[in-house]
Amino acid sequence: MQTKKIINDGDRAVDEMLEGILAAHSRHLWSVDGSPRSIIARDGPRPGKVGLVIGGGSGHEPTFLGFVGKGLADAAAIGNVFASPPPDPILECIKAVSGGAGVLLMYGNYAGDVMNFDMAAEMAAMDDVEVRTVLTTDDVASAPRDQRQKRRGVAGNFFIFKAAGAACDRMLSFDEVERIARKANNHTFTMGAALSPCSLPQTRRPNFEIGADEMEIGMGIHGEPGIARCALKSADAIADEMLDKILAEMAPSRGDKVAVLVNSLGSTPLMELYIVNRRVKQRLDDIGVSVHATWVGNYCTSLEMAGVSVTLEHLDGELQAMLDHPCDCAMFRAG
Amino acid sequence: MTSFGTADLKKMFDAIAAAIEADKDRLCQLDGVIGDADHGIAMALGFNAARDAVAALDAATVEPATLLNTAAKSFLNAVGASSGPLYATAFMRGAAAVKGKATLAASDVIAMFQAMAQGIKDRGKAEPGEKTMVDAWQPAAEAATAAHGAGKDLAESLGIAFAAAERGAEATKDMIATKGRSSRLGERSLGYIDPGAASAVLVIGAIRSSLAGYHRPR
Amino acid sequence: MQTKKIINDGDRAVDEMLEGILAAHSRHLWSVDGSPRSIIARDGPRPGKVGLVIGGGSGHEPTFLGFVGKGLADAAAIGNVFASPPPDPILECIKAVSGGAGVLLMYGNYAGDVMNFDMAAEMAAMDDVEVRTVLTTDDVASAPRDQRQKRRGVAGNFFIFKAAGAACDRMLSFDEVERIARKANNHTFTMGAALSPCSLPQTRRPNFEIGADEMEIGMGIHGEPGIARCALKSADAIADEMLDKILAEMAPSRGDKVAVLVNSLGSTPLMELYIVNRRVKQRLDDIGVSVHATWVGNYCTSLEMAGVSVTLEHLDGELQAMLDHPCDCAMFRAG
Amino acid sequence: MTSFGTADLKKMFDAIAAAIEADKDRLCQLDGVIGDADHGIAMALGFNAARDAVAALDAATVEPATLLNTAAKSFLNAVGASSGPLYATAFMRGAAAVKGKATLAASDVIAMFQAMAQGIKDRGKAEPGEKTMVDAWQPAAEAATAAHGAGKDLAESLGIAFAAAERGAEATKDMIATKGRSSRLGERSLGYIDPGAASAVLVIGAIRSSLAGYHRPR
């Protein structure tokens, strides 16, 4: 039996989604002529500003293109569902946002994305655009601590892109933007847990098997297997398991500040997310860490997967300023 | 026949696309176990696009290298993902290996085959044993080159290559992934065939059947 | 087999959610001492301003309390899941927001809500607070056209509350606020379709049965049966079915303006919503109706129910001004 | 015994809460068919709250009317929904009917019972035949009053009332809902018992069993 989806044609789903997005958000977004998978901010790219291009596979909405706008990313290159975009649409994004001060590519650390974005970067270099890359690696469940560079980029993208976008919008130098982007990545820690699978529009089949009373800790945002299967736990137990791992790495001191993101993997409703946030706040209060800001909702999803992820960004004055810097995107506003 | 032209390579892409389409679901299922369940989709999208793109070329005026570059570009733009750059690079390198030739002799086909495997390896920076398609492509290419060097004809050489690819893919079961999406699984990737290696077997089998006239018993 | 939920205790889910919401949004919201189900806007209520109190059952988040804030509602009274709040928390909201210019109660038209809000209104009258009520009745599927007053209030609440909240924020008279609220309700039309059920935290059982290839047109946001069962249709066919009914009632002329809301009933992802919006825009373009603004996402949900609703607000100059009036709520910002 | 005090009414609320708790799931399922599947939850929440609230009262000093008002307030604040105002009003009217009395004679119980049914009807503005709990409460109250007026004792009268409630609830199967959440179903509400009518049977049965010492055979 096929999973239920409100679509017309699985192979056209991504392009039809993009049409619907441009229909809804033409005030914020436009797409490059002849390259409909290259989505550019109407306001944002400008001479002298470092350009910020993000991107990756579809199915994670509002990541990536929801975060394209003034004060955040200048463009997003969109791939098929759970598949990196090819080099061409990435290159088109780079050209569209290049303001002469260099273009920063930011995306999650996945083999496919790395190969495609690197090819695009090589092509851009031939057009004499200076391109640098900062990979996001916030998923603490995806590799041991001493191999941070191997980790996946997941919901923490939100904080990391936000910091880099703010740095660009403040017209900081390419070196400064890159430094802040790397710092934001190093200060951001995410862990997720999945309860039920999603299904690709083309296959309409659950992309993994899981027992009716099981959950999976550390599941990737493409349904990649995580680190452990276990019986479904209580919200507090799930939050504790995530926070134990995150806080052990972040090692905050009393009085430190963090930003919190409690993210739905897709179908988990706000009621459950806020119950998790309740516990997150309790735990942070217990160790004297103050919460500067909290976001709760669908920020980095896996289609209709059920589950939650918790992200903490360890703030210092600079990262806090970047977080508070205003942005105005199609699907997200702050400041 | 002992030499191959653009028309033969079109047939080759027909054969590959048909082989992948037939096993699309199995490839998605393999990828579902240790990856993100879309490998069959990506490969089918890519080879259907490549087949259509090369079908549109004029066999009379277009030479093999151009056809291979066309296939590379259309595959890449239809897919992205991991398979996109890997196979696009394979075909671009294959093109470079037969640049300027109007028709390909058996030795050219072997050289093209070898270059494709090398392209995948270079693009992915993966070594054999890392549980990727390289574990099918590299032994296949080595076997083909060795066999042909030892005087075997193209059909025999590609037959040996295909057998090596099958063994190599099977062997990925006992490997722990250290490249690609599955590389975070560690131990948990043990016991499963790598989907990219499995699809490589299909691709190599289709190359063999179309160029060496061998048809797998059904 | 129980459905999977990230909760601690079904009976505590609503209160724990509220704790998590106040932990996340203390800058926007506070709750009345001794009445934790009475959620009040920090900024908004003030002397001389008509107070706006909304409310209803939980499980529809971000409706209702996500729309509490400056420029929108002053307070929300929260009930158990899918159950009207009792009179007491409603009365506490009324007292907290009363600025001497009267308090308007707005909520969906359900028997339980009407009884509880009416009891609260009677109590408030005894305290000499002038209270009036405007029920939302935007669900075109829930009663024939000639019985509009019998219809349910669903996702269209978003536009209707927004108009009333803007009128209040502009310090208009009680009569004007009430007139605009009723007008917004009469200009707003919603229709929904559900694909799969949700389950209550206490029962953890699907709240209705539906075939693996079926959908239900006109399903209520509490899982109340709708008007028809049918085989799952394509996104375009679903959008067309909704628009045919909505447009037949709204009867817009060429050149008219509308606002669009494509809402997820809970677990339906953005990709599917935007595919629906693509069709909505096509249909409106075809009849020369222009889209002034579009919202797509989770605005009025039924826990993890899968499905979509489409709402159109038929704008005139006044309603457009109210829609464009800025608001700053915990879960929604505009203007 | 022929008269009832506060302690007896506490037992009555124990009995009602136990009866509802036992059938909670069935009530949710009935509500799932034509409503929103939460009626059992609401009734259980309400009567557990009422039971606990009245249990905390001092039977020696608190009179029946105060107990009923306490039950009303606690039920209402625990529930909201439709059942909240309906049962809260029922108990407030019941309280008014026995105001000032330290103990209740059989005639007082009948009056209280009648007042409860009237309160539900007034609050919901529903007439018999609209497929609501009124279809159980009104015939039950009428039957009790008539029977008692005809000289039957309390046990008999409440037995007759209970039978009338059962018939009334059963009859809702053939009604089209015109009040409450199910009223938008029209024809589609036909064939199903109204959950509120079903729970009314449980409430009335528990009142009977606790006040008239009748225990339903298991």
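Per-chain numbering from 1; labels A, B, C and D assigned in written order.
To be clear about the criterion, contacts are C-beta pairs under 8 Å (C-beta built on N, C-alpha and C of every residue); 3 or more make two chains touch, one makes a residue touch a chain.
The shown structure was predicted, so the numbers you read here are calculated from the model rather than taken from an experiment.
Common neighbours of chain B and chain D: there are none. Centre-to-centre, using mean CA coordinates, chain A is 29 Å away from chain C. Averaged C-alpha coordinates give centres for chain C and chain D that are 33 Å from one another.
For the pair chain A and chain D, the distance between C-alpha centroids works out to 54 Å. For chain B, the set of residues that touch two or more other chains is empty. In terms of which chains touch, the assembly is arranged as an unbranched chain of neighbours.
Those chain pairs judged to touch are A-B, A-C, C-D. Of all residues in chain C, those touching chain A in their complex are 1-2, 4-8, 13-14, 16-21, 23-25, 58-59, 61-62, 195-196, 201, 212-213, 215, 232, 234-236, 238, 260, 262, 266-281, 291, 294-298, 301, 303-304, 306, 308, 331, 333. Those residues of chain D that touch chain C in the shared complex are 25, 28, 32-38, 41-42, 45, 76-86, 123-124, 179-185, 188. Residues 11, 57, 79-88, 110-112, 115-116, 119, 142-143, 150-152, 200, 202-203, 205, 207-208, 220, 222-225 of chain C are the ones touching chain D in the complex.
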